[in-house]
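What follows is a group of structures, each given as structure tokens.
Below are two complexes that have chain A in common, paired first with chain B and then with chain C.
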Partner chain A sequence: MNGDAAEKIIEIVGLTRRFGAKRALRDVSLTVPRGSVFGLVGPNGSGKTTLIKHVLGLLRAQTGSVRVFGRDPVRDPAGVLVRVGCLTEENDLPGWMRVDELIRYMRAFYPAWSDAYAEELRQAFALDPAAKVRTLSKGQRARAGLLVALAYRPDLLVLDEPSSGLDPLVRRDILAAIIRTITEDGRTVLFSSHLLEEVERVADHVAMIHQGRIVFDAPLDEIRATHRRLTLQFAEARPRPPELAGALAWEGAGREWTAVCAGQSGGLRAAAEAVGGRIVEEQDLRLDEIFLARAGAVPVASTKE
Partner chain B sequence: MHIHLSPNDGVPIYLQIVQQVKYLVASGRLTPNDELPPIRALAERLLVNPNTVGRAYRELEAAGVVVTRRGGGTHVSDAASPLARGERLDVLTKRIDALLAESRQMNFSIDEVLDLIRRRDRAMGSRPGKE
Partner chain C sequence: MRSPVLALAWQVWRPYRRGLAVCAAVWLVLAALGLFMPRGAWAPAAPEGNLIIPAAIVVSALFAAAFILMLFAFSAVPIDAQLDAGDTGFPTRMFTLPVSTAVLTAVPMVQGAAVAALGWVAWAGAVLRPVGMDVDLMWPAVLTAALVAWLQALVWWPFPLRFLRVIVVAPVLAVIAMAPAFALALGAPSVAVTAGLAALLPAAYGVALVGVARARRGDAPTWTWPSWLASALAWRPSTRRAPFASPLQAQTWFEWRMRGLSFPVTVGLVAVVWLLIALTGVGEQVIGIVAAGGDAAGVSAAVAAMTAPGVLLVQFLGIVLFLAGVVGADLGGVRLVDQKPSGGTFGCHPFLALRPLTDGELILAKLRMAVRSTLTGWSIVLIVVFLALGPTGKWRELAGMPLLQTHSALEVCAGLSAGLAGLVFLTWLLLVGNLWLGMTGRRWLVRAFGAFAFGVCMALVLLAHWLSPHPETVAALMAALPYVAVVAVLLKLLLAAWLARILLRRGLIGPRALGISAAAWGVVVAGVVALGGQLAPVGGPSLWRLVLGAALVLPLNRFAAAPLALEWNRHR
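After this line comes the complex of A and B, so read on.
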């Protein structure tokens, strides 16, 4: 029971998933430790939602294994889902129910449901109990989904593109829910998002998935520390960028070339010197810049020449 | 304590918090013994991971700007920190740079600017405090 820091809330090992001929996930392994906010990023169609569906037990692992709280979410859905709160982009709440009916319906599934907390959220979100779910705005429907995902204080909150298409006020409520979930001890959040500035704000661990593979998976601080933008100056103008180990994307012309690089600063300096360049500028990168360089780097390597 | 995070300038969030608390101390809007919000409270207000706020507070403590008291609470340190003058100079230098850029653009000589500063200083009346 001890060793909380190392407790694995989600453990995925060697997960591969095919839909017909298409491989949606390729040998994906990742671990979400207790108490973390784990951000999952990647372009559309990269496999984020497929991965999350495995965590929720909606898809069975074809190869590899998925464990949530140490259990198999497909074989033991009741044991897993009773401790998981989830909000997905589709957010398929029964439209014919009124808000109060939805709340009464959902509370029946969760022994840990708190009426007081549900009511607090309902008031904070200004949800009219008599309104039909179908008639709610997209934002209010997301808030209703958030309410029923939070009211039993789940040990794991799973959000799949929760902010997508929502206004800043609703996105604020979602971020606040994430922060409140982890400030209450021992709870964990897995969320996928396109809004990298939101990921950068709240996540402490980020995995990027691209074409079904994990491109990186590390604490956010480490990701930022190992990616930087370097501008190199060369004695002579050159028609194309140099071959630099760790360079993900190049931009430039003539004597000055700028690269987004992965690697430790010292190693990059040595690599730059080895190709005859002098580093004239070095900058930290935002997560979205790292994302773009990484997303661009994979196909370019395989399609050029 | 007002902190504003800008997501677009590439400065890590913990560092933005560190810099802004230093600025608030340097500019006198936070004074010795003022209590900083608890980590959780600030995290919920800024909508950032509490670890990020924790890291910022640790950096501020290492820099001598704040102290963590027994029994909890993070306070602005009351010993005039060795960094305080340097930080104050930083704040002032940025303002002066902006002033100089503007005065050059409007074709004022440095002597005219200095003269104007002295006149404005006199117009504000006697200086409070030491020195």
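After this line comes the complex of A and C, so read on.
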């Protein structure tokens, strides 16, 4: 693959998905560039897993298109999946397999499988090769799933809520796996998570999905730079917050109101002055604060930024 | 809903409410049949040629299907309960309810037993008695209640080992089911039999109560010694197994471990029973009694042509083919064996869906697994047949059967070899013929197909019985059959062409693979025609009739539909 297609590992255009009367995805367009760690965040039921299932070819696009490595994962599942490593929230590995059988079985599918790397991971994760998957704890099962997702050094690692319900040790292993993957040139990670601290730690690009729409999709630094907490003072007490352009959420009462805002600092300052307010404090925001403001306050007619 | 008892009852039956509505309709129809059928209609003296006896079969089958569903709906024994599992079969979500274990156990048991007893009373009172069958109301009602209660108790009891439940359930239920017949035969009064059966109900409740209580407090025992023993017996030097040569080989291994053993194990269990019957001579005695009775002319003729051991052998081979059909119904499944269906779907498991294989390769792995399964099953059959015939010397009796005397030894050997090859191939076809159905992953479709097949079977029973005393109609049908067959073959080929077009358009199969598949089907048809031509008696069906028959019988579109079904399931 050359040129533009080589730069876009995942390209989703105008994807819409319905389940009966419910629209799970609405006109979603997204591009995951090569070498990025792409975090997908959003509340429960927002459409993250549905989007990831489209990427893996488990769901067929009803409207729009999905391309992974420039290929349609539904028409060419073998061509796409051989380059993808995947760990899902359920991580349903066959319970009757022993760990060594799982490794032997999985290695057959991936020409790039590395026995040495698999063994290194097995030892690092302390997985007993004779243990049956059904006897493993949830954390150990996640580690087994991670082992078989990483041992062939996939070009794209897809993790759907990988650390949900897992203890900090396993979450550390998963984060380490992501970091290890991205240190290898050209490898890409797409992962969804509720744990925004994790996302903030490793992602360089974040998209937030809410009610099936992409609310924002930008590099993490840009997101941080364009979201501020402003504390405004007004000459007189106000019964309700002002109509401030870019404000996502408000707190406060009387003369002092605090807003979580989207926009550049200069523009926000001008907007505050236009509604008669004076900025007395301006703070950076963490990703979870941006997430809460976006998820809780935005009428999601807002479009991709 | 303020009463916990009502709430428990409601949540047990709720998943079955649609099926129960259908059952209610079926039962109303059956009751109406009972009202309108003439008294004495089911008696053995019913005039030959009317539809009473097959109608009775159909009605009984409908009753049984509806009755079984009702039992599931009221007994808290899930319809997909894994009897082989060691864990309790009681719905564990109910353990967290603020209700005592006594109530938790009693509600579904009382419901299940009451429905079973009332079901019999309704059936006997509304259908059987009005048409002249003098059946007892009481003891069979209590018997069905006791059977349900003991089934519940044993399903809910946590067993310390997998498969132990199956080993316990079968003899316990068999003893309960047969005890009344023995007691009545020994002259026990019906009231005493009823009382004895009634005593089984509190006993079942006691067992269930202890079992559910243990499961609820997590006190289920686990035996580890069998796995130690198995490990010790299966000890081998810790050498690493060689890697799979290809993804397809790995996937075939996976399918073999998932579903491949079902057929050989089932055949093995049946074969052991058959071997006992054959070695003890019980089977031949029964066949001899039936043939001597004079009521079964077909059996007499079969014994005359093949001898009693020959008939017994043919019956066994027939059972093997039947088992292949039954096991084949599940072979297309793309769930993991320990995956519980959820959301009304048997959908493709992500672990399978995410294998970097094409849909065609996933199907090919199943076909290869079925080959291994077939060969393993038939190896068991051949060993058992050898054990039954060889050491006992019955093979000499078989060799002397009149059917073989008209052929030379070479012809007999060739015929037996061809017949065996044909049976093995037919077994494989039966195993894989319905892959498409399981691959759809739609429970509603599987159920609808099952109901359709059931309906067709029932209609055929009625039709066959109606046709038997009307030779003129049979002759007319036979005369029209070739034309009907031509039209059917043309329709089949048209459908195949349409499916092939879709497969090509969606890229599910390449032109070369399509050509090879079509050619393979043609070769198999030609082989079946050639074999049929050799085995058919002189003056038998003509060549073109054989071609039509083979083209109709051998599955083509069901194979063509499999990739489409899997694609529909894998990429929803």
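Keep in mind that, in the parts below, the second predicted complex is superposed on the first by the 292 of 305 C-alpha atoms of A that agree within 3 Å, B and C clash if a C-alpha of one lies under 4 Å from a C-alpha of the other, contacts with A are read in each partner's own complex, and residues count from 1 in each chain.
The rule we apply is simple: contacts are C-beta pairs under 8 Å (C-beta built on N, C-alpha and C of every residue); 3 or more make two chains touch, one makes a residue touch a chain.
Just so it is clear, the model here is predicted, and its values are computed rather than measured.
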| item | value |
| --- | --- |
| Superposition on chain A - do chain B and chain C clash or fit | fit |
| Contacts of A:37 with chain B and chain C, given as first, second, both or neither | first |
| Touching partner for A:283 - first (chain B), second (chain C), both, neither | first |
| Angle at the Cα centre of chain A, taken between the Cα centres of chain B and chain C once the superposition is applied, in steps of 10 degrees | 140 |
| Partner chain in contact with A:224 - chain B first, chain C second, else both or neither | first |
| Touched partner set for A:200, first chain B, second chain C, both or neither | first |
| Partner touching more residues of chain A, whether chain B or chain C | C |
| Shortest span in Å between Cα atoms of chain B and of chain C, once chain A is used as the common reference | 28 |
| Of chain A, residues touching chain C in the complex | 56-60, 74-82, 84, 86, 88, 90, 92-97, 100, 104-105, 107-110, 134 |
| Residues of chain C touching chain A in the complex | 240-241, 243-244, 246-247, 249-250, 253-254, 257-258, 336-339, 349-351, 353-359, 361, 506-507, 570-572 |
| Touching residues on chain B, where the partner in the complex is chain A | 5, 7-8, 10-13, 40, 43-44, 47-52 |
| Residues of chain A defined as touching chain B within the complex | 37, 172, 175-176, 179-180, 182-183, 197, 200-204, 221, 224, 283-286, 289 |
